Amino acid sequence: MAYGPDTLAEATLADVDEVDAYLGRHPVTWLNVDGLGDQDVIARLASRFGLHRLAVEDVTHTGQRAKVEEYPENAFLVLAMVNPGPALELEQLSLFLGDGFVVTFQESRGDCFDPVRKRLREGKGRIRVSGPDYLAYALIDLVIDSYFPEIERQGERLDHLENRILDGRPDRRVVADIHEVKRDLLALRRIAWPARDMLSALLRGESPRVAADTKIYLRDVHDHAVQVIDLLETYRELGASLMESYLSSVSNRMNEVVKVLTIISTIFMPLTFIAGVYGMNFDPDASPWNMPELRWWLGYPLVLALMAVVAGCMVLWFWRRGWLRR
Amino acid sequence: MAYGPDTLAEATLADVDEVDAYLGRHPVTWLNVDGLGDQDVIARLASRFGLHRLAVEDVTHTGQRAKVEEYPENAFLVLAMVNPGPALELEQLSLFLGDGFVVTFQESRGDCFDPVRKRLREGKGRIRVSGPDYLAYALIDLVIDSYFPEIERQGERLDHLENRILDGRPDRRVVADIHEVKRDLLALRRIAWPARDMLSALLRGESPRVAADTKIYLRDVHDHAVQVIDLLETYRELGASLMESYLSSVSNRMNEVVKVLTIISTIFMPLTFIAGVYGMNFDPDASPWNMPELRWWLGYPLVLALMAVVAGCMVLWFWRRGWLRR
Amino acid sequence: MAYGPDTLAEATLADVDEVDAYLGRHPVTWLNVDGLGDQDVIARLASRFGLHRLAVEDVTHTGQRAKVEEYPENAFLVLAMVNPGPALELEQLSLFLGDGFVVTFQESRGDCFDPVRKRLREGKGRIRVSGPDYLAYALIDLVIDSYFPEIERQGERLDHLENRILDGRPDRRVVADIHEVKRDLLALRRIAWPARDMLSALLRGESPRVAADTKIYLRDVHDHAVQVIDLLETYRELGASLMESYLSSVSNRMNEVVKVLTIISTIFMPLTFIAGVYGMNFDPDASPWNMPELRWWLGYPLVLALMAVVAGCMVLWFWRRGWLRR
Amino acid sequence: MAYGPDTLAEATLADVDEVDAYLGRHPVTWLNVDGLGDQDVIARLASRFGLHRLAVEDVTHTGQRAKVEEYPENAFLVLAMVNPGPALELEQLSLFLGDGFVVTFQESRGDCFDPVRKRLREGKGRIRVSGPDYLAYALIDLVIDSYFPEIERQGERLDHLENRILDGRPDRRVVADIHEVKRDLLALRRIAWPARDMLSALLRGESPRVAADTKIYLRDVHDHAVQVIDLLETYRELGASLMESYLSSVSNRMNEVVKVLTIISTIFMPLTFIAGVYGMNFDPDASPWNMPELRWWLGYPLVLALMAVVAGCMVLWFWRRGWLRR
Amino acid sequence: MAYGPDTLAEATLADVDEVDAYLGRHPVTWLNVDGLGDQDVIARLASRFGLHRLAVEDVTHTGQRAKVEEYPENAFLVLAMVNPGPALELEQLSLFLGDGFVVTFQESRGDCFDPVRKRLREGKGRIRVSGPDYLAYALIDLVIDSYFPEIERQGERLDHLENRILDGRPDRRVVADIHEVKRDLLALRRIAWPARDMLSALLRGESPRVAADTKIYLRDVHDHAVQVIDLLETYRELGASLMESYLSSVSNRMNEVVKVLTIISTIFMPLTFIAGVYGMNFDPDASPWNMPELRWWLGYPLVLALMAVVAGCMVLWFWRRGWLRR
């Protein structure tokens, strides 16, 4: 994709050499490479655009930290994009900013750059009249903004977990879910902090390739990156607090269960004991001392009454200790 | 609201153009916009006051971090206000400080600026004789001061929770309450730290729009922001300590419950066993070895005595282990 | 209290105007105001000594962070003092250091400045021959030193708690006590950190009011403040470690209790079952298969032997698992 | 191993003096010493290469922090290498970078420098045409890259543990395994942080021995070191989160066990009690009040029905409390 | 002890004035004062060597933070030494470094300076030909190195605890032991951090009393101090991880105990209930519905078989839940 204030050309290139048809003929040329599989193509692009060997290595070894590196011929930026989807999926974006061109490398086809393409095609806003640094800003802006939906998704998962823990009855999946949220937040943090550092470096840097005008816009992206980090830290603390709440809810339910066990045992054990005593087979005929109660006129009702009294005392005692109140 | 040392005019404007009647005719004009719904009005204000596109974007995308941005035409400040009420409710205040005017945007109608309005109307203090930077200071001061009642409310909730946990009998709501306090404190922290950074930037900044005189006042606001953060950190640690105390109180009560269960079981199980033995139906007629105790003269009293001895030993043992003492 | 190398005058003033009798006539005048109730007196003092409006506000709104503020006319210091007593009690000291005078404001009557008063009266040491900056140093030194007894008291409470937890049998008050120590340490930390920052600012500052000579002494106070913070952090970590130890001791005792329950249940349940079996009323007359054991010659002794064997096996099993050893 | 753009010589030396045959005759000489046992050899090397006494001491006292020290004659670097293998094994690499030579000391024979040796032998890339600083860079690069497989191994162990904890049934080895991973991560962290600091110092340093060109490469190594640290911190947090998940899974299983106990006890205790009551031996002949139920026509079926009702109520109650649902 | 390149004199002084016999006659005089009891001696030494009042105060008020203070006449260093022994014991070393002399104050007699004394007596190495700054370095080096055996001792204690917790059966002393290790590590940390800061200050400082040459050596000591801190932090984290492991092992054992209880109860409760049912005394003569089983031909064997089936089902159920496998 090459463009100038008045011109715009867009094409999918089949071969590296076709680049010549655009490079230099338009004020700004944007070459976007999807997929890093073909080492040969990358090597030829590197020699054509004057990309440094170390930078090209970083392009192909994905999973780099976000960073900006100034080479004599161009500036090299690495950044992680968040692909939209149900699971957290990261992709490395490598961006070379040179005189009159921007070259971007992505791991796979889909990206979040459609708004920029649309603005380029429609020629609205500053983008067509600005240099490649503004294009780079616009791309970085979209990358950083791609973090927000993911963070919001994590925030909603935390909200959902919070409801499950505090209001309803948490099940065992909660632990795995909290752990997963934590892991995703850690992964996001691992890309957000370097992204912020990279933007600080860009802002502080005296790079001749970034116009002062564009820096005002980069400052805005930097603010967004800081906001991302703020949110991540807040969510991490919320996650830790949720885990604590969950553990305490587990303890509480255990307490409740044990309390039920204790109440039942404490009431029925003495009763069973009393029943056991009068189930003994001592022979009342052998001695007047041997269980004369068995032949009393009111023996059985009296024993039942004794049991009722014992049970009543126990219940009363539990009541006064507050165990029967929820 | 426009004013000078000797003049004061106040009106609710129906249309953007009415601003011209005030702007420039008074030394200071303060335009306060309630509600961000009408994009058209905001766009016309932006062009009239020379507000930067990025700044206007930040006005409408609420939830921004507190920050100060210097543009050639004016300075742009974002800050979160705490609305009074039973639940923590945040609102974004956007403030443009230009030559001779202050424009503020709020999300909704109610605000905490009445003291400033009153001072303006009454003409007391420095506010009427000072420039727009002093008005901006006065507004920021009120915003920061609006954090204190909310923090105090959280502190009182923590005190209340502390009493419930340490003195009385904590119920299960305690966990949810602590979690809620933590979440509110995190939210406050997320607005207080950037507010402090913003004030530091204002103090350090060489902005020509803030007079050295006003900086002494801003230093005071900065101290308040630092105090807010101190309080928040202290309350967060208190909250964590309370959670620990609660968990340990849950453990303690569990311990108590299990102890009761153990004491009851340990006393009655041997007794029930003894009763069970003498409830066996071995036939004393079949053999002299078969439960001759059943026909002893003192069989029953002896067994009851044995039971009493066993129970007594158990109780003694528990006493010596300190389980019966609370 | 006003003094010079050779002169010393001391009086309790009834009215603000009496200050004139001392101010200017002695090289150094120290005015100490106990109690902040009378707004009128403070306002008159402020105008007489040229105290800034914001500083005076800070004097009356107690609970300020420790800080130093340079005004054209004087320097303003705020610091928290620890009042001696059984409970942690803080008091704000506001100190104005001007040309030839020191004005201090306290919330209540008692203070820790008697050593300075004594040195002034006795004319020993450097204090009478030095300027107001040295007096300010001497006062700050006493304030910082007032933190140490309080910190030591917390350290002793921690030692005491440690003994209760690790050696004896901790009771339930322990949690509340640890929580209280933590709260006090947090409160102390909230005053100690700003105090250190204030002293750093004084040391770094280029204030013409603090002589280079006095800075050597202030460096010493600064070291004390750092020592206070070191102690506080150490005690906080000790407190956290104690809480952990306590929780684990609770778990251990629970373990012990549950073990007793399990041992007793596991021994007596099978025995009671055996007794129950032979307590069944199957009629040996109805069939030779119906409990012929009841009429065996050695039926009863054999069952008792079986019970002994079962119990012995259980005990042996517990022994081998190490449950019977403490 | 000595080499220049066009020359390459490689030999295993038997004696220190043989070094002279290479030193100075080739642009770069690399002397690699395996094993630190022979103090005499090291002393002779030190004097020949002009190594500082303190540096030589650090060579023999292994377990040093990674650092770089500039001496007038040469630069001294210490770094920890990770030996490949099933357990974490660290080895100290000491590297002297002088004019025209690199001397490396290792604790034992095996190392990770074969790729450099191969590139030297094949004469590919920049290594043969560059100075000793590039050789040093290449060695450091390999050392830092040797951390990655170890970190990945720890990451896989954590993944494995995560599966065991969250999906399957964790056994008791899990705690020991998590503890071991934590210990290994701590050990790696203890070598990775100083390595990063060392590389920062090399980058910032104005050492004349490191060409500006080589610094671009060192920056790349520095980025790798930062990535190592990022990974370590992430894994540490994951480990902590796993431990929490494990503890909560233990609590959960305990809860489940206690629930089973409670359900069984709560159902059978009342039933056993009822059976016990009708096992009492009160004599129905002695009084019409004495257990007339025993002679009722439907006495036994009614009691069985009562038991069924009691058990059914209990089960219903448990069902409504959600205890029977998993 | 006074010495120069060619001279060495060593004596135990009885009186302060005897110092004159050495001071100034040798290039370097080292005066070591054991014990701080005699205020008079210290005061006389202070006046003879020109020691500042504040520094002398710090000498006698032991427990100071490590620090270095530059006075016009000399440099004053404070440092904590670790005395060898079974328990952690700290001692304050105060060191004055002046022109041609080093004065050290210790709290008690024993110290770790014998290696320096030996090197002085034997005249080996640089120590006799260097100035007092090198002597000070040598002493500081020994002090910092005295931390290592203590840290190693704590490391061994942690290893020992680790074995007890993870392999064998931890007893209750473990908690107290971990707490003690933590306390000792905290105490060491409280002396190690200031020591490092002091050494940084010495290295950064532009003190004319420390030769550039000596700074190379001080850098080495600084590295050792940093290593001490690294080790301390690592051990602290290991200690925290051990505590967690211990708590989880307690939970695990509790789990095991409760599982045994549950298995036994769940098997025997239904059996006991069945036995209880057939122990009821319903009269089979009164009605054909009353326990006809008692007179069945195979009643007893059938009941025993029922019991076996019930127990078998329970065991099978436990087996399938994995409770019987360890």
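For clarity, chains are labelled A, B, C, D and E in written order, and residue numbers in each chain start from 1.
Definition applied: a contact is a pair of C-beta atoms (placed from the backbone, for glycine too) under 8 Å apart; a residue touches a chain by one contact, two chains touch by 3 or more.
Just so it is clear, the structure is predicted and the values come from calculations on it, not from any experiment.
When the CA atoms of chain C are superposed on chain D, the rotation angle comes to 145 degrees, reported as a multiple of 5. For this pair, chain B with chain D, the centres built from the Cα atoms lie 38 Å apart. The mean-CA centres of chain A and chain E are about 38 angstrom from one another, to the nearest whole unit. Once the centre of each chain is set as its mean CA position, chain C and chain E turn out to be 24 Å apart.
Looking at chain D, one finds that residues 247, 251, 254, 258, 261, 265, 269, 272, 276, 279-281, 291 touch two or more other chains.
Judged by the touch criterion defined above, the protein chains form a single closed ring in which each chain touches exactly two others. Listed in ring order from chain A, with chain B immediately after it, the chains are A, B, C, E, D.
Chain A makes touch with chain B in their complex at residues 162, 166, 216-217, 219-220, 223, 226-227, 230, 234, 237-238, 241-242, 244-245, 247-249, 251-252, 254-255, 258-259, 261-262, 265-266, 269-270, 272-273, 276-277, 279-283, 286-287, 289-291, 322-323. Across the interface of their complex, chain C is touched by residues 52, 54, 58, 64-65, 67, 69, 71, 169, 172, 175-176, 178-179, 182-183, 186-187, 189-190, 194, 243, 246-247, 250-251, 253-254, 257-258, 260-261, 264-265, 268-269, 271-272, 275-276, 278-281, 284, 291, 293-301, 303-304 of chain E.
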